[in-house]
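Here chain A shows up in two complexes: once beside chain B, once beside chain C.
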Partner chain A sequence: MAEFHAGGEGRTDAWVKLYGQAVYAGDVRVPGMLYGALVRSPYPHARILRIRTEAARSLPGVHAVLTGEDVRYGTYGRRVRDMPVLARQVVRFAGERVAAVAAESPELAREAAALVEVDYEPLPAVFDPEEALRPGAPRVHEAPWTYPGAVTGPEDPPNLQSRRVWQHGEEVEAVLARCRYVFDETYFVPAAHQGYLEPHGCLAWWKPDGSVEVWASNKSPHRLRAQLSACLGLPPDRIRVMPLYVGGDFGGKGSPMDVPVCVALSEATGRPVKLVLDYEEDLSCTNPRHASKVRVRLGVDGEGRLRALDVRAVANGGAYAAFKPAEHVNLNGFGEAGNTYRIPSVRIESLIAYTNTVPRGHMRSPGSLEANFAVESTVDAAARALGIDPLEFRLRNVLRTGDLGTLGEPWVEARGEEVAQAAAAALRESEPQAPVGRDGGRWARGVGFAFYCRAAHGGTTEVALLPQPDGSLVVRVPFPDQGGGQHTVVRNVVQRELGLPAGFVRVEQADTSQLATDSGVGGSRVSLTASAAAASACAELRRRLEEEGLAQLPVQAALAELARRWPQEVVRASVSVDEELWVNSVCVQAARVAVDRDTGQVRVEELVTALDVAEVLNPASHRAQVEGGVVMGLGSALLEELVLEDGRVVSTNLHDYRLPSVADLPRLRVVLVPGGKGWGPHGVKPVGELTNVAVAAAVANGVADAVGVRVRRLPISAEEVYQLMHPREGKA
Partner chain B sequence: MTGAVVELWVNGEPVRAAADGAEFLAEFLRERLGLVGTKLGCGIGVCGLCTVWMDGRLVSSCLVPVAVAAGRQVWTVEGLVALAEGRVHNPPPGLPRPELVRAVHRAFVQCEGLQCGICTAGQVWAVCALLSEEPVPPEGRVREFLAGNLCRCTGYQGILRAVQQASEEWAQRAAP
Partner chain C sequence: MRPLEYVTPHSLAEALERLAGSDPSETVVWGGGTALGPLLRRGLVRPRVLLGLERVAGLQDLSLAEDGLRVGALVRLADLSRSPVVRGSLPLLAEAAGRVGNVRVRNAATLGGHLAHADPAQDLPPVLLALDAQVRLESVRGTRTLPLERFLVGPLQTARADDELLTEVWVPAAAFGRRTAYVRFTPRSSQDYPTVGVAASLRVDADGVCREARVAVGGAAPTALRVPAAEAALVGGRLTRERCRDAAAQVESAVDPWDDTRGSARYKRAMARVWTERVLEDLASEA
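For the complex of A and B:
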């Protein structure tokens, strides 16, 4: 590592990244390594009749060409193990891996892959999740309930991946029947790619002693090791997942993805093999967001109080369930529907169906955006229909501290009102560029609000402290920093706990053989578990210093002496934090939008994001997580849709799958509302999956305020707004 | 190497490459020269991850056939760092000044202008090139100039703050 020139302390990984020295999956080089390439199915559902690999094999420099018949490993998955390493006999989505090549250069590998000839017999396919769940639909799998980890049974529709029901209070149909008003609305959120800019990549090395080393663009190394162990049939201690930087995740980098096939290529050739996807492949063949149709029925009484909420979501799970990690193999965000309000009767059902499309995975706050867009739009529509100001309507119904949550959660607090008032005040402060409302000009302006609440979750992790002879401290953690700043959080906690000055704590990612346990990055849990483990390790270290009679020395001198006495010794601490903590974070988005009456074009002029915070462990990273989330939410609101036609992804690259650029941004304002109650000694509230969720509903509600039309489909397009404004000129 | 060969300069050093036109600069830099600080994203010139400096302007190296770079000066993030550290003697005209690169680096650290880091080399090139050309660019110019460098993590706010800070520092230094 070069000696970096002087600068402020910043993130632990700031300088290594600025210097171009951070190593990501595509950058790993191992002597003798080969390059992998994949042959993918062009058909969404087909029988494989014959695969001819001779031409590919005969190219000089090609070391292996594998098909499904050559691979003896099992299927794999994060929970349900239904994904084959390479397709056998049948392909279930366009883009499925059919053969894999290892060759001496990337170009040669691609050339050889192009020479593999496959004969297919197309089979009837199903692309729509509701159709897939109807009797008689083409079966994506013959008996999906037989896969390890499956959560369905033979009595279920054969294309069901998962069903989950959340329910609280009196039976919802009975309450809806008594409500003065029932609003019945259906919303659609399309498939989307997580938009990480580093495509998936991995390097696998099956060593002569039968152990396997893996470098992968994966955020949860210990879970990856367990998933690989189950797939490869190797004990976990024969698999070592190496530390690596991850170039963005947003939910998409939690699976083994192509690691098993890469291991197969390495085992077959006896050489390390690197496999890095093209962005096109990543966009169309990995694990994008589920497309979801969400029906909401909202019951309101004569005083404008919410009485009942019934939500039914049907989501497109694609050809494999392998990329969903949650216990129910569902999207937990659906369970948040309506959770910022007092609603005495709630029922939420989420069905996920197998279809012959790209398998779906998690995207930042999985299910939350889908539920939030539907419910927050319906709440807004209800308020407008009843002639009540939408913010006033929300505040009348907002959950308050002391209330049980919609599913009976005993929240330690509920700060929706304070946060909403902060957002509203911030919005009032900023002068609109023109009067709000239907002013008769070309641009109509409006304001929209949306509320969101996210629970904190626990998990397990472990850290090790290694005092150094120079009086500094190395902190080993089992998880990567995929950008969220968790290594910096650990550094800050350790510095503070031990009273060490800046520059004396270095955080390193361990490989999976060095630390025992970790539940991985995800669910906005890592700052919480890692800060707890770091604090616990520091307490253990202080105890050791007492024992050694070093506690009275200045910290650096004590650490140096400890390192001298115990050069091999490390202090370790692991924590296991309960999954449910009843701590939450509330976020309120306010959007000022302008709609072009002539074209339907929607321009977001300002977004105000207010959120409640407790103690902020690393203000700069916290702010970056908040702002990055808002811009991702803006992408979901206005730009991003992974378009599928006849089951095939037709958004081929970033020119037609548009991510927000800096030129697309409105004015963004972030308002922190301090004083919240976080979890544990450091008062942590989750933030990573908070601010991306409610932007879309806020913008859609702003459109409703500006021009009086209700957009029920994301992303919000000029065409759709125009059609809604001019219904008679609509499609023939 | 068989067939015709071209010569180009990478970070001030002469290097030779096959002139068959099949290889693009990004892959050449990464795979042949091991200069993996330049990242490869979309491969079609949209994302800006592979931004490098070539003869006075920024290019998406994924779109430049190596043969097109023949005889040219190419500078990557590794070269930019050498420049910042004062290890480059007689840099070609038009490269950012070392003091500017250092100011941009500091600003990215202090303003949290990066998170996962995959776009960072490209972003730093873009900001250095912009401030070299126009030390105090108006906000609209900044957004226009940086629109070709996508970032999925930061929401761009940290990067914009870094530009502001580096610009202030640089303008002060450049003033008589």
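For the complex of A and C:
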């Protein structure tokens, strides 16, 4: 691992961020630029009767006021193209874009937007996904299967966005019927916001030559270009997405969001137009996590072995499916249900419904936390009901190297047992903390475990190497660094491959015209694909140096000479990993929890995270991913819920939508279990979406251990624990 | 666009003149802006003039005299929490001020603004109720002093007339030297407003008999609330477990909470009882 330390160099983005020089969407300024603002629907479902824009247009300094009728582009989406650039005739969620303004200043744009008058006729609305799937429910769309990319048909319930079933082994009902014990539990995970620092923002410039330049808080520039191409009806080579830092993503920054409407404003005015949401708009109108209800039926035999698992999830997809990128337009994390165990019969079904609420998108490991909270809580409940220690119960059933996965996956290894033992050992080392307060007896203590396993996925990317006359090397990559540290990973790989000292490799993000292909940041795939592409580009560069007879020179001298001979020299390599890798990462988390017997308050005193690693490309970035994930998991476990009332988001500020602060964190212990088998030339395992997943189940299991009550809804609140502990006092 | 003017009078007289001559919907007093700022940003308050008080002499003074502690309305909560004068005379007030919100809020928020905002879940109203605090209100018409419980009228409502300025908070010396405690119960995040806050101050004789008691709760009624029935349950006897429990039961029946993200009304009522009992038992066991 040591050779990946880059001689005291920190992350590539450290100094620019420290000095405030990193450029984000909100920082971009182009001469002649105007500012956009949006008019949004106050109704979750309504017919638009009339829009009056005269007052807004008449304000001096207002250059355009557009409604859906003015926009000739198509709908857009990451997979299903069902989202209009501006609503036409109907609005389907409170917060939907109805009109857009471009003006000389942001304040003026907002003032003009407030002057746009819209008459609505409210329509019957549906907010709950199960209700939405029942016959006779109000229809969110008339014929959603007709949208490009739709995965449903006219025979499906009209509000179905997606249905996916995973199945392996003998028919699950038959096996459940034979099981000595069947545990039947239902869990709920609410909507949540990704909580990035930077709200969505973009700048679009429809240039006089008919080409479009775009700056956007978007983590997948090449996909953005393709999505815009489909929406705008322009060939991709007329659209250029420019390099930009992204201020946090966590799954929320992968869509065009407001870029199409910004393009429309720019085309209408002939000026560049910038639109930056305020945080209130971002919280209530973008693409938060689905709320999911998950029913688990777990069959166990007389020896305490898991025999069958049936999982049925119903998720709230909101008014548009446009923000889900996966092939099945589903949340693939549900397919991981139970995957750390040997279970011979598994069936998992995930339904996603249209409702008249904010459209839903991805949040760090989409579906995984929902499935994990439900299954790992049920496994824990089963162990307690059977009088078996929950860790022992898990180890009895844990998947081992050589076993097929729950869906038949031929994993190269399965290290659940080793990782769990490491977590348990770390927990034993730390003594329980001293009782809190004068009356230590008020705190009941417990320990909860939860296991998680995540598959590595491939993708496509490209890297270009540009030797410089001073002997240094510029590395162009097609993806932004949204905070994950992927530019640093590329720098470290190139340094190691070529034997270059610190300071001789500079990573730059290309615009979409400079490199051909990239599947963007996401799916915990970038370190894997980018390190492979970088290694392959370095091999190509070494071959070029040999060709030129420069291979014997010191590397810097060779690069300088190559740059002198061929000033335009660019060495490129791309990788496309589309096969299944069968590499996974295992994470076991253990929470030491204290519960106040009289108030239900839950304090996590310590959280141990043990994870299976192969080669670590950058220890600091790796650590940041691991710890950041744990903190995000704690937020989901204890704090975060995007509250909707009558279909409207009511947690519209960061006081009500509470993210964990440093003061709220327990002691975090991270245990790396080395020796795993990764993928590619550097033996890489994914880490970005690993450690946020099992925290909620570990904490809930700790609560069960401490006070014997089972929390089935996130976030775990003091009041709910109190009510479970004092059932006779009834519900509020 | 409505232009917004920021006016900074140089004297109290000038500030009061300005207030007297203006429409209350047009002119709003600006202390630290931690409460008003978000309201302005969201368009819930739409004034034309912000009256900034930072140049008015005397409003940032903090003085200890024989009759008690006087705190100018513009003293920041961070200064209140760090002041040796406050820490020496009323350690509870310093400690509670140091736990409001987070450090960024405390560096800006003023005591006067904190009280005039009158959010029922704030921390310092119950603390100051338990310390018999009075507020001084000044206008061109004259000056009056009100006990804090008469100043707090309802959610975001006070007894301040439109032309009046809250200039000072006074805690009488009689409140010094009591056994005091405040608990802010924040079961989610330490930066939340409390689900309930409970403050108490007790004067206990050497023989263990409670001679004076103040019990106040925040977050559980339309204003921070003193509970005389709970105080009566404590005075005149030793602080037994039963007395503490009786007082807590009185609090539970006196509060009038509502449902919100910090808890249901039912839960807040139960928590007001639990934390009153705990606070009083802790004070009872102090030597």
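Note that the second predicted complex is superposed on the first by the 715 of 732 C-alpha atoms of A that agree within 3 Å, B and C clash if a C-alpha of one lies under 4 Å from a C-alpha of the other, contacts with A are read in each partner's own complex, and residues count from 1 in each chain.
Here is the rule we use: contacts are C-beta pairs under 8 Å (C-beta built on N, C-alpha and C of every residue); 3 or more make two chains touch, one makes a residue touch a chain.
Quantities reported herein were computed from a predicted structural model and do not represent experimental measurements.
Chemist: Thinking of the overlay built on chain A, is A:T599 touched by chain B (first), by chain C (second), by both, or by neither?
Modeler: So A:T599 only meets chain C here.
Chemist: Can A:V631 be said to touch chain B (first), chain C (second), both, or neither?
Modeler: In the superposition, A:V631 contacts chain B only.
Chemist: By the touch definition at the top of the document, which applies to A:S661: first (chain B), second (chain C), both, or neither?
Modeler: both
Chemist: Is A:G20 touching the first partner chain B, the second partner chain C, both, or neither of them?
Modeler: In the superposition, A:G20 touches chain B alone.
Chemist: Output check: A:E107 vs chain B and chain C. Expected answer is one of first, second, both, neither. What do you get?
Modeler: A:E107 contacts both chain B and chain C.
Chemist: Going by the contact rule set out at the top, does A:S717 touch chain B (first), chain C (second), both, or neither?
Modeler: In the superposition, A:S717 contacts chain C only.
Chemist: Classify the contacts of A:P138 with the two partner chains as first (chain B alone), second (chain C alone), both, or neither.
Modeler: neither
Chemist: Who does A:G74 touch here: chain B (first), chain C (second), both, or neither?
Modeler: It touches nothing on chain B or chain C.
Chemist: According to the contact criterion defined above, which of chain B and chain C contacts more residues of chain A?
Modeler: B
Chemist: On the A-aligned overlay, A:G708 touches which partner chain: chain B = first, chain C = second, or both, or neither?
Modeler: Neither: A:G708 stays clear of chain B and chain C.
Chemist: Just to be sure I follow: which residues of chain A are touched by chain B in one complex and then by chain C in the other one?
Modeler: 107, 280, 653, 655, 661, 663
Chemist: What residues of chain C sit close enough to touch chain A in their complex?
Modeler: 1, 38, 42, 102, 185, 187-192, 195, 259, 261, 263-267, 270-271, 274-275, 278, 281-282, 285
Chemist: Which positions of chain B touch chain A when the two form their complex?
Modeler: Per the touch definition, chain B meets chain A at residues 22-23, 27, 30-31, 34, 36-44, 46-47, 49, 76-78, 81, 84-85, 102, 105-106, 108-112, 114-121, 124, 142-144, 146-160.
Chemist: Which stretch or stretches of chain A touch chain C in the complex?
Modeler: 107-108, 111, 280, 438-439, 598-602, 638-639, 643, 651, 653, 655-656, 658, 660-661, 663-664, 715, 717-719, 722-723, 729-730, 732
Chemist: Touching chain B in the complex: which residues of chain A?
Modeler: Chain A reaches chain B through residues 2, 5, 7-11, 13-24, 26-27, 29, 105-107, 195-199, 245-250, 278-280, 482-485, 620-621, 623-624, 627-632, 653-655, 659, 661-663, 665, 668.
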